[in-house]
Amino acid sequence: MLFHVQIDVRVPHDVDTEKLKELSAKEHERAKDLQLQGKWVHLWRVAGKYASISILDVDSPAELHEILNSLPLYPFMEVEIAALCRHPGSLELTK
Amino acid sequence: MLFHVQIDVRVPHDVDTEKLKELSAKEHERAKDLQLQGKWVHLWRVAGKYASISILDVDSPAELHEILNSLPLYPFMEVEIAALCRHPGSLELTK
Amino acid sequence: MLFHVQIDVRVPHDVDTEKLKELSAKEHERAKDLQLQGKWVHLWRVAGKYASISILDVDSPAELHEILNSLPLYPFMEVEIAALCRHPGSLELTK
Amino acid sequence: MLFHVQIDVRVPHDVDTEKLKELSAKEHERAKDLQLQGKWVHLWRVAGKYASISILDVDSPAELHEILNSLPLYPFMEVEIAALCRHPGSLELTK
Amino acid sequence: MLFHVQIDVRVPHDVDTEKLKELSAKEHERAKDLQLQGKWVHLWRVAGKYASISILDVDSPAELHEILNSLPLYPFMEVEIAALCRHPGSLELTK
Amino acid sequence: MLFHVQIDVRVPHDVDTEKLKELSAKEHERAKDLQLQGKWVHLWRVAGKYASISILDVDSPAELHEILNSLPLYPFMEVEIAALCRHPGSLELTK
Amino acid sequence: MLFHVQIDVRVPHDVDTEKLKELSAKEHERAKDLQLQGKWVHLWRVAGKYASISILDVDSPAELHEILNSLPLYPFMEVEIAALCRHPGSLELTK
Amino acid sequence: MLFHVQIDVRVPHDVDTEKLKELSAKEHERAKDLQLQGKWVHLWRVAGKYASISILDVDSPAELHEILNSLPLYPFMEVEIAALCRHPGSLELTK
Amino acid sequence: MLFHVQIDVRVPHDVDTEKLKELSAKEHERAKDLQLQGKWVHLWRVAGKYASISILDVDSPAELHEILNSLPLYPFMEVEIAALCRHPGSLELTK
Amino acid sequence: MLFHVQIDVRVPHDVDTEKLKELSAKEHERAKDLQLQGKWVHLWRVAGKYASISILDVDSPAELHEILNSLPLYPFMEVEIAALCRHPGSLELTK
């Protein structure tokens, strides 16, 4: 099932820059693994913002939670989630 | 270029039901045309709401406006739009 | 899987009272069927408001959408939805 | 009587990690006690968020306050509360 | 137990004026009964607004709901409710 | 004249605990004085929140400001204020 | 005592234009009377909006309510009110 | 031309108290100068809040910006601004 | 002086379509006149919305109000206004 | 294509003043380069606020993101973005 996930990252200015770089690198590694597993189907940057919009394909809300909770930058994230389903006007040419 | 479009449809209760059915049917036709043209890349229903989330692939903001403005249910729509771009953590396996 | 559904019902004052009574009666019938099927696990009234909080147990977001979309009063509903999962502090004595 | 309690936990990044682990462990212990006493009837995790939704069954608003105020993570909590009562459409198969 | 009830009354301009007068008169009668029963402990007008702030003393959230639901102007009301309890700094000279 | 005062107390986690205890104790002392003077007519705790709702009976907005400004925890308070007056439906059995 | 009153006027499009003109004329008459009585000390138009900002000098919140409640356009008004008092940095050259 | 300026002052708890006192004293000095120059026509305290409402009479938006930007407490201010003009119902007895 | 004007047009569904077309045509005529007079310096459509962003160059807030108030679609407009001035980082290559 | 960019700068009070001056100077240099390249078409200060409104002319959302992300003060910015297109009422005398 698909979940729409909007993530706004808010990093306080006094967070150690090196630690942040490290977390960001791990974040991208983690995101690549999940994309290769087919869990993270879409990952876009919102132009001009430290924010992303993703579509995750998971087996349950619990798996959704595990994935997001496992992201290195999770503590700095404000997350909005919406469960998706087929739209009657969609040809479903893509997931 | 990709635009993320969140649409909440709010139809006043005194709108003629037949007219609404007609508009909805035309809406789905229009959406199918645009999907076949590759303009409307993703169209999902937000579960539980008269709302949708779409990704449109257009040549310019002007084309985005023309497309949305042409939708039969447009007068009943509240639209939120975000321009998207490539995320550094994305493998871009999909559009 | 469980979904938390907050419903605020807003009925414009010029809706025909008889039609509204009829819809409300059908609404309660529909809710009872769904409770007996085990889909609608909890249904509470928010004290003092024309609003309810429910927990639905469904197989997918699509089923959640079908159920809510089938409710007679759906056109008058403002719906907020959150996917739930097991809390690490829960003994899960109840669903 | 039942109260619906939505809790969003916001922990500033400079809180000592060890202290936070300790508080979280105590939080789960406290929650288990209250579940075994029948006070904490439902405890769910909101998928993807450091947030929970609970139903507490207490004798009075004062008891509700004592319970929430006693939670180790209470200083980091944003709490929204709604008093619940029986919905006319509920078969009350469950509390 | 005490509940704090903030009521904002929003009457659409096309509501029949006579009907509104009638409802308002019944509203005041109902409020007086409830005050004499000791249920409606405080009723204040918010200066400058078609809004009121009340303290109701009821036996349960269900009774709170019954009372508010019984108010003639209820369909035109936006209601915010908070359960109250004793403040550690209060001498409780008054209810 | 009566003023309705909603106070939400937000204490940053890195405020010295001893200092906070001291301020809270002084706060209660100050509140008791004002209650005995008849200025602070009602003081309730909002169940589940570090928040209070009060009714102050003062001679002028200036006096209201002096009183609130004198509260030891004032720097940590978010305050919402509404001027009250007699409601046409009130029997004024209580202030 | 001084009250700051922000008024946003929202007139539904289907209100009879003649009736609206009449109400507006009466509104200005009423405002002029109150200015001449010294009650309505300042009345400014918010540039670009059907909104005004006023300072009223009244003896009590009750009088404030009577005045606003007596305005012909009151049913179409959204009103925000703040009680004012002397600012420590003010030379009070003007009221 | 007149500008309506609402200022909410939010001072983080860990700001040095002596520095704050110094800034506040300078703020009042600055405000007095501007009042004597006729720039700062009205300055009121919002009762119960660390907030003020002012009317500034300046030659241009640029001058408005210079004045506000020059206030010692400016870094701690949240400012809302509205341009004002003559109201058709105003007798303009006062500025 | 420059004012930034954001306009969201909200036309109720039961407004006569012919009347609306007429008003829109007049609106464009009025906008063209004001552009030729140099008052309306910039007029952009917000892509995907029945909304516009404009920069008006006027002599005073009063003139700003007259211009906006004169727009045929004004009764259906929600307007947000900000006064602008020179940015220290601007080369002012354009107005 | 044009993007409307509203930037509110929020600098925590404990940011080193020298570092901030340095960043601001670099910010203005960067803005000047981009103006000379024709990318940053308009840059205005919102009068009274540490905020700006800009119009950027870029080839894609990706370029918009690169530009904003490259601004020295970006970590302290809250950014709102809207894609613009030609308004039917615009004579397009200016970009």
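Going in written order, the chains are labelled A, B, C, D, E, F, G, H, I and J, and every chain counts its residues from 1.
Note that in this section a residue touches a chain if its C-beta (ideal position, glycine included) is under 8 Å from a C-beta of that chain, and two chains touch if they have at least 3 such contacts.
Given the structure is predicted, the values throughout are model-derived calculations rather than measurements.
Enquirer: How many hops, at fewest, get you from chain C to chain D via touching chains?
Expert: Graph distance in the chain contact network comes out at 1.
Enquirer: Among the chains, which is located farthest from chain G on the basis of C-alpha centroids?
Expert: A
Enquirer: Which one, A-D, A-J or C-D, has the same contacts as I-J for more than half of its contact pairs?
Expert: When the residue numbers line up for over half the pairs, the pair is C-D.
Enquirer: Quick one: how far do you have to rotate chain B to sit on chain E, C-alpha fit, nearest 5 degrees?
Expert: Answer in degrees: 145, to the nearest 5.
Enquirer: So how far apart, in whole Å, are chain G and chain J when each is placed at the average of its C-alpha atoms?
Expert: Averaging C-alpha atoms per chain gives centres 39 Å apart.
Enquirer: Between chain B and chain C, what is the separation of their C-alpha centroids in Å?
Expert: Here chain B and chain C have centroids separated by 27 Å.
Enquirer: Of all the residues in chain H, which ones touch at least 2 other chains?
Expert: Chain H, residues with two or more chain partners: 2-3, 12, 14, 45, 47-48, 61-62, 64-65, 81-86.
Enquirer: What's the complete list of touching chain pairs for this entry?
Expert: Listed by label, chains in contact pair as A-B, A-C, A-D, A-J, B-C, B-I, B-J, C-D, C-E, D-E, D-F, E-F, E-G, F-G, F-H, G-H, G-I, H-I, H-J, I-J.
Enquirer: Show me the residue ranges of chain B that touch chain C in the complex, using the header's touch definition.
Expert: 11-14, 45, 47-49
Enquirer: Would you mind writing out the residues of chain J in touch with chain I in their complex?
Expert: Listed in rising order, the residues are 2, 4, 27-28, 31-32, 35-36, 41-48, 52-53, 55, 82-91, 93-95.
Enquirer: Which bits of chain H are touching chain I when the two form their complex?
Expert: Touch list, chain H to chain I: 1-3, 60-62, 64-65, 81-86.
Enquirer: Under the definition above, what is the set of chain F residues touching chain H in their complex?
Expert: Where chain F meets chain H, its residues are 3, 5, 12, 14-15, 61-62, 64-65, 68-69, 75-76, 79, 81.
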